[in-house]
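Every chain is named by a letter (A, B and C) in the order it is written, and numbering of its residues begins at 1.
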Amino acid sequence: MTRIIKRQFLKGLGALALAMTAGLSAPLAQAAEGFPDKPITIVVPFPPGGSTDLLARKIGESLAASLGQPVVVENRGGAGGTVGANYVAKSDPDGYTLLMGVTGSNAISAALRDDLPYNPVTDFAPVSIVISSPLALVVNADSAFQSVGDVITYAKENPDTFTHGTPGVGTSMHMAGELFALDSGTTLVHVPYKGSAAALQDLLGGRIDAMFGDILVTSEYIEAGRLRALGVTGTQEHYLLKGVPTIAEAGLPGYAAVSWQGLFAPAGTPDDVLATLYGAIEAALQTEDLQALFRERGFLVEGMDPATSKAFIADEVAKWTKVVDAAGLKQ
Amino acid sequence: MNRHLISHYLPGAIVVAAGLAIALVAGTYPLGSLLRPGPGFFPMVVAVLLALLGLGVLGEAFAARRAAAPPQQPFPWRAVLCTCAAVLAFAFSVERIGFIPAACLLIAITAFAEPQRSWPRLAIVALFIAVFGSIVFIWGLGLPLNTFGAS
Amino acid sequence: MDILHGIELGLHTALTWHALLYCLIGVSVGTFVGVLPGIGALAAISLALPLTYYLDPTDALIMLAGIFYGAQYGGSTASILLNLPGTATAAITCLDGYPLAQQGKAPLAIFVTAINSFVGSTFAIILVMGFAPLIAEFALKFGAADYFAVILLGLVAASTMTLGSPFKALGMVVFGLALGMVGTDVNTGQFRFTFGVFELADGFSIVALAMGLFGVAEIIANIGQPAGVMQAVGKIRFRDMLPTRKEWKVITWPTLRGSAIGSFVGALPGTGPGIASLMAYAVEKRISKHPETFGKGALEGISAPEAANNASVQAAFIPTLSLGIPGDAVVAVLMGAMILHGITPGPNLINEQPQMFWGLIMSFWVGNLLLLVLNIPLIGMWVKLLSVPYRMLYPCVLIFICLGVYSANNNVFDIFVVLGFGILGYLMRRTGFPATPVLLGFILGPLLEENFRRAMLLSKGDLMVFFESPISAVFMGLSLLFIASVFLPGLRARLSRRAPKASE
């Protein structure tokens, strides 16, 4: 009962928002006939409050406004995002159940594990890789390492000594470190934690040498003079860390490791439904509101279309498979 | 008498068996060493400890074998089975037929655990759960369930 | 900025009508969800989070934090009345709270927990006000070896907590350790003991474990029993709730000790209120002159852990607000909320956002006062629940349990888990195996393993690391003392023989 009332109320709100935006934005191209005619669920494979949750809620609001149907965000956390991804992989491919997937749940896991009940690549039809965020290689401000070159030299002279903390096996931070080792021909010690806060705590306490961390979070400590950034993992300078070189520029040509987040539908979702959803995302990403929020959060807007996203993921899986094999991490 | 013996030593034996079973599985994971423990190291230590403590429990039972066993109430098969059936029925049906029907099912099944039941009272319970549960859990806390029908 | 200015600024912020309103909403919602078995602060905060997008960030945080500490007040109610703990903390309150309720002293027990909660919170808030940055820097010195030593002390304390057969109690601690290993290994990412059941990749849910071993087991034990389990509750008068002068005396020191232990544990990121309560309980039992009364309705047995868990919840804000490192999962969500509002918690937060910092802290005072005023009149209502016939009550409780465990991950699998542990819990109860040690092993085990392996990784396999760090050495020493005090009964006997002489 109450559910229905609430739903109708939301529907009304959605319609209102649609009516308001209809006058402003051009009608969407290739809209699927009759889609959507009921509420859409976006599954966030993490607990609330994280950056994926934030992204899903913001994108959800925009989708609700432009598609005229309420969008419900559901948190189904667990096992590094794979529990939620599994749930969506097994859902009906009708575009009403979507996943806000991340590097770990939709690419690294494909390289790392054979024991998942879903296939991170073939079970999904990407709608759009929405944003990417490079990481920062940071060390304690009191540490002797002043540059990426220092780290490489040290790690070469002292194999299995340089420690880097990560939020867990198979996270993009972990892979960034393994790729660093592979590209520089060094061996680093991977120190996994449960979550990045615990790793940060040990980095601030001087018990680990470095970590590949979220740029927004680490920038606070860099400003406060507690950490030093040696490089960013993206392909260009990041606006929150002006003056910090990319790792590629600083000594590892060709190095790039970013984490990304995107919207996925179950495989088999009709192309016109994907197109409708993508159209709505594309429009949403143009709004000043979202762009400002993403800038604040340190995200880079990607907004890839379904075909580009698919190719991008294939590249990612290939890249991480190489790294996982080289490091002997396969489960 | 024989039956009494079994139930007297069964708990300790189960603890020992659990320890051995865990050790068996733990042996399939890389053990590593004390200074570089692998994923199988802690499980193995825990399994051995559990088995040893199980032996301790057995020893205690042996020491107390002559002590008069406290009068044990008969095993409440009805309570256990009804609780199981009720909870399983709820778990399997709640996402398929909705919260209110599933809750009614649970209430109806648990009623059979009692020697006698009063259906009007159970109806009150069902009504309360339907209203309170829907408002608090589905509307208030936003669980992804429907009051009626599949979610 | 000195403290007085801070207080002034904070009061200006916390006493505006809108801050008061959101604080009231937060603590009321918190109390309510806390009382519901299995629904913790995390679920409620997650739900309220999107609603706060449009609020002023300080108001939003005041409300969300209110839910968090409000839930701690409510959390003990279901444990005391129905032996139905939704969290590890509440399971410890059950140990003595439920026996008290069975003796017809439920109003007193709930009143005492409200007072303990208030004192515990107050104690920790004073620490946050005066020393947050200092404490946070101290907490930063805790490395893997130090955590290992602290957790080991907790485990040693846990092993000596319950009555009855030591083999059974220790066996259940170890069984809890075993249950805690199910899931993904942190160090290698390997799935352990999941047997192809993917839902187990993150291990068992603590809520399902606690509610199964205690709640469902309790229901099975009581179903179909002719007599009611509870003593009849008549009309509740205010004086039934009030402790006598003697009872006040009994709870004073345990409450203060619990507050201190809770503040310490809470300030360490990654530990949480469960460990705080456990340590407080174990310490009280160890130093009590009447340890045999614990588990049979000792007031100290609820006072110390309740004070500790509330203190730890407030103290968890210390590393969050002064360093940007969240103390536990719920605070991590609160941090997410700050980031949503464009405030990234970091080492500069107190200087850059003094209005928010002090406003939030002052709102803790206000919120805890509100909670006290709110909760005492409610006691009568909660206790009235016991006058509902059990055969009408338990179907509702079963449904609440199912929904509670379901809500954690929106997954039916957890309902099967809670049922399995319910049956196990009932069998354990019949055969004299205590359930609390299982829960404690389950919480402490993963932390113990994780930190031991990390310490070995970072020290390149040097066991001396546990004795070289002064912090770790101290806690290792305390563990040894604890063990000695248990395994040298001769020492205890001699001490107790000496004690009466001294008092002559």
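A few notes on this one:
Operating definition for what follows: a residue touches a chain if its C-beta (ideal position, glycine included) is under 8 Å from a C-beta of that chain, and two chains touch if they have at least 3 such contacts.
The chain list, named the UniProt way, goes like this: C = Tripartite tricarboxylate transporter permease.
No experiment lies behind these values; they were computed from the predicted model shown.
Distance from the centre of chain C peaks at A, each centre being the average of the chain's Cα atoms.
A summary of chain positions shows that the Cα centroid lying nearest the centre of all protein Cα atoms is that of chain C. For this pair, chain A with chain B, the centres built from the Cα atoms lie 38 Å apart.
Centroids built from CA atoms put chain C at 33 Å from chain A. With each centre defined as the average position of its C-alpha atoms, the distance from chain B to chain C rounds to 23 Å.
Among all residues of chain B, those that touch two or more other chains are 144. Touching of two or more other chains is recorded for residues 74 of chain A. Residue positions of chain C touching 2 or more other chains, listed in rising order: 187-188, 190, 410, 457.
Put simply, chain B touches chain C in their complex at residues 11, 15, 18, 22, 25, 29-30, 33-39, 42-43, 46-47, 49-50, 53-54, 56-57, 59-60, 72, 75-76, 78-80, 82-84, 86-88, 90-92, 94-95, 103, 106-107, 110-111, 113-115, 117, 121-122, 124-125, 128-129, 133, 136-137, 140-145.
Listed in rising order, the residues of chain C touching chain A in the complex are 42, 45-46, 49-50, 53, 140-144, 183-184, 186-191, 196, 198-199, 201-202, 269-270, 319, 323-326, 329, 332-337, 339-340, 342, 344-348, 409-411, 450, 454, 457-458. The touching residues of chain A, counted against chain C in their complex, run 47-51, 53-54, 57, 73-80, 82-83, 86, 112-113, 115-117, 163, 168-170, 189, 191-195, 197-198, 200-202, 204-205, 207-208, 216-217, 219-221, 223-224, 226, 296-297, 329, 331. Across the complex, chain C meets chain B through its residues 33, 36, 39, 43-44, 47, 165, 167-168, 170-171, 174-175, 177-178, 181, 185, 187-188, 190, 192-193, 216, 219-221, 223-224, 389, 391-392, 394-396, 398-399, 402-403, 406-407, 410, 412, 415-416, 418-419, 422-423, 426, 430-433, 445, 449, 452-453, 456-457, 461-463.
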